[in-house]
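Next, two complexes with chain A in common: one pairs it with chain B, the other with chain C.
Then we have the complex of A and B:
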């Protein structure tokens, strides 16, 4: 569809109407930071946010998710697939790229119906970044803007104080945008302003400067297995898993059975897990195949720059910078790590 | 339902695939104690076609309310005409301890089989086979041993080396005796630490290897045992000039999901649950976390 222009007031009126009719998750203030949450009114929607605490991945791979319900005595499992349509409002381009990568992971080989059902029920409204976060480096990873990305339903770009450009790319998105009253076709000046926003974001969303093309990461890592950086950085690691928890492309999980009070029925649940946690690679009997901090630390960067790439062709770091901010020990900056590998091996 | 809600529904025809995490019902038909830690189990799937698998594969066994764990299949498909399958389970955690408390007739959930298998119909055919098993490493390999014994003419010389930590930890004692007495199998075993009942070899499994007389170019070696065992056995095999492409290893990891998603069993870029657990050693000799 063509690009349309909508005043913020009209956008708000549409959001207020939409939240009455279906589930909408949008970015809102949470104490002094921002988070995706159920949206009840347009006034709470903060499209000017810098970065959310957790990525919107949580709507496709929730922190806790029921996979099946069981009866202990009958020994029967009944599958549970979340089947509620929803709109995800205000996803930044780098987070959308992460969702696209997870789509590939959960579709390949044994497709994961739990993830894919949630995903199919989602209409994703991407919004261009208005406020760069303190550690974002999306521009270094090619994820600063969504214009070249496939799969989003709607793209919102603030082109003037109270004016947005809106574009739909899918049938679902077109239907959604069609509900907005008071839009008009974008003129050449509007499109120029939108391009200016993209140019600005490709310029400013690099608070850290990666001194290489991300496409070269798999090769770089292939020759960096014994680099001293893994030991050096990991020496300070608390193995807390914060970098895993905030990462939009981390998807490792654990499964646990939760029994109800009747001690008969319950739920088999899936939870986020993290490869930085000490016992992640431990087997029954206690042998730990990645018992050392450096081995776990290296594994995480290899997941981002090589192992996932070997599976799907994607570089699994989108430059959101959350791990940098979340790390207590200040050792989780991927840009620092990758630049360091470059220095020593070039 | 509003128009927008309807439009946001998953498009018709895009049927979500079945949940890959849903266990299927099975019944425990036989259970016997083996050692202090291990019990022998035979399960029968509720589905009519039973369990279809190859030697070396594993399945996920579930007890609702307790959990699920990956267990290697120990029986050979050549002997499961009724579709049942056997496992040897060490009581090591919550699920396996609960499995030890089951009685015949009790039900469990099963997913699988998963993973790669020993190439009993391909690379093994027409070759001398050397099985080197330590402790419960015998459990998945037993499936392949039975398989090749049941089609004995398809293979040449068969050698089985087995090592246990102590005499009381030896598994399948009756079957070990059968292997020892068979004319068409060369069998040797050892224990790390003897007790007064033991009159056989004492020492780690590699102490049995110097007596092997291999024709390296027509020999395939199969290794399965505790993590520490592999590198020492591989060193001995190098002395015997067995090529890496003629060595198969079955590796232990925590194959939590079985479908290459959860990340727990990852060995560098490989998933033990999908790319393994049976690997040709030549394919993983440069994978740093593997051995």
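Then we have the complex of A and C:
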């Protein structure tokens, strides 16, 4: 589909209609911060948000979900799949890149039916960043804009005060955008304004400056295993997992069985886990493969810059900056750590 | 099969954790479907014979007198599993505030002229595990009824209950709360054991630390982290006194 232009009022009318017909999640104010939540009216939608507390991955891999119901004496399992279509409104490009990476992870080897069912049901409306967050560095990671990304359904860009450019790239997206009344085809001036937004974002979404190309990270980390920065930073680590939990590309989980009162039937659940938590790498018998803080601290950076790359070819940091803001001890800035490694080895 | 027998006991406390058991409401019938309560002063009129044994003893409250310690040892001897219930029992909680003072000062403050009466004799507060072996702990002030239910069901199924070893920050992030430190508050979340679902931060307050410290709290980090937020170690210690006095 070509690019169309829509006034904010028309966009709002469409959103107000859409929320009546299907499940819509959009960004809204929460405690002076922003969060994705069920949207009930257009007035609550905040496309001018800087960053959400949690990334939108929670709609594909929820904090806690039931995987199956079981009967432990009959040894029967019945899978539970969340099979309801929904629209995700206002995903920033860096968060969309993270979803694309998770799609690849959850499709490997044993495709994850729970994740992929939710993903199939989603129509994702990406929106270009209007307000840079305090710690964003997406521009350093090549994720400031979505123009070169594949897989999003709709892209929304605010090109003037109350005017948006809207483009659909998929069949689902085209159907969704087709419902908006009062759009007109974008002219060359509109497209120019959209490019200006992208140019600006590639320039300003850089609150921290990475002094290397992201593609250099795997090699850099390969020669930095014994660098003193791991011990140094980890000395202040609370092992609270905040950096993991707010990360759009972290996907580790734990699985637990919860019995009902009949002590026979129950639910198998999974919930988010994090490699910075003390017991994450503890196995049967009590051995912990990463019992020390520094080993856990280092692992997170390797996971972002090398291990995932070895697996899928992606650099698993999209520059959202959430870990930097969320870390109470202020030790979780990947840019600072990677630059420090660079100094030592260049 | 004989239903497991359960006894519920209290020491120095407000009995709010037992109230949480009653607050299971409809679920309490499920609980009674799988266990037989034999002793529960707060909710039952008939009590067990002296010396009768039971499978699970749920014990609330702190130990503050020698005769309490003796009674706890007797309960321990009768119970297959002993579960400490709530902050007073698991960490001493609010009752340990008095350990910051001399026992005579404490008695005089509370009882005035009557402080020397023999029945008011008191000793520094102890959590249950400082007196007898405790098998499992259900933390909190008050306990989470759902967590107790989980522990009881897991034990009855012959499994080992596991409780969170990670700090409250985990559950706070899962709830998508903004961090209390960003509002200029000292929150005990980073060093406090989770399991409450970050109840207080989710209501807009800092964590009071009622579930006790995580196994390996990073006390080394405290000074630098407090300085980052314009606070001191003493500010932090002040917050910890309420539930985590020694």
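Assume the second predicted complex is superposed on the first by the 340 of 346 C-alpha atoms of A that agree within 3 Å, B and C clash if a C-alpha of one lies under 4 Å from a C-alpha of the other, contacts with A are read in each partner's own complex, and residues count from 1 in each chain.
The rule we apply is simple: a contact is a pair of C-beta atoms (placed from the backbone, for glycine too) under 8 Å apart; a residue touches a chain by one contact, two chains touch by 3 or more.
Only a predicted model underlies this, so the values are computations on that prediction, with no experimental measurement involved.
Touch criterion met: A:326 reaches chain C, while chain B stays clear of it.
Of the two partner chains placed by superposition, A:190 touches none, neither chain B nor chain C. Of the two partner chains placed by the overlay, neither chain B nor chain C lies in contact with A:128. Using the contact criterion defined above for the overlaid structures, shared-chain residue A:281 touches chain B, although it does not reach chain C.
Of the two partner chains placed by the overlay, chain B and chain C both lie in contact with A:259. In the superposition on chain A, A:112 makes contact with chain B only, not with chain C. Touched residues of chain A, counted separately for chain B and chain C, are more numerous for B.
By the touch criterion stated above, A:81 is placed in contact with chain B alone, chain C being left untouched.
Contacts of A:176 after superposition: chain B is touched, whereas chain C is not reached.
Shared contact residues of chain A with chain B and chain C: 259, 263. Note for the complex: chain A touches chain C at residues 30-33, 35, 53-54, 63-64, 235-242, 245-246, 258-261, 263, 271-272, 274, 277-279, 293, 326, 328-330.
By the touch criterion stated above, chain B contacts chain A in their complex at residues 2-5, 7-11, 14, 16-23, 25, 62-69, 90, 92-93, 96, 106-109, 226-227, 252-254, 256-257, 259-264, 266-269, 274, 288-289. Interface residues of chain A, counted against chain B in their complex, comprise 18, 21-22, 67-68, 70-72, 74-77, 79, 81, 83, 85-87, 105-106, 109-114, 116-117, 120-123, 171-172, 175-176, 179, 225, 251-257, 259, 263, 266, 268, 270, 273, 275, 280-285, 287, 289-290, 295, 299, 302, 306-307, 310-311. Contacts from chain C toward chain A in the complex involve residues 27, 30-31, 33-34, 149-150, 153-154, 156-157, 165-167, 169-170, 173-174, 176-179, 181, 189-191, 204, 214-218, 220-221, 224-225, 228.
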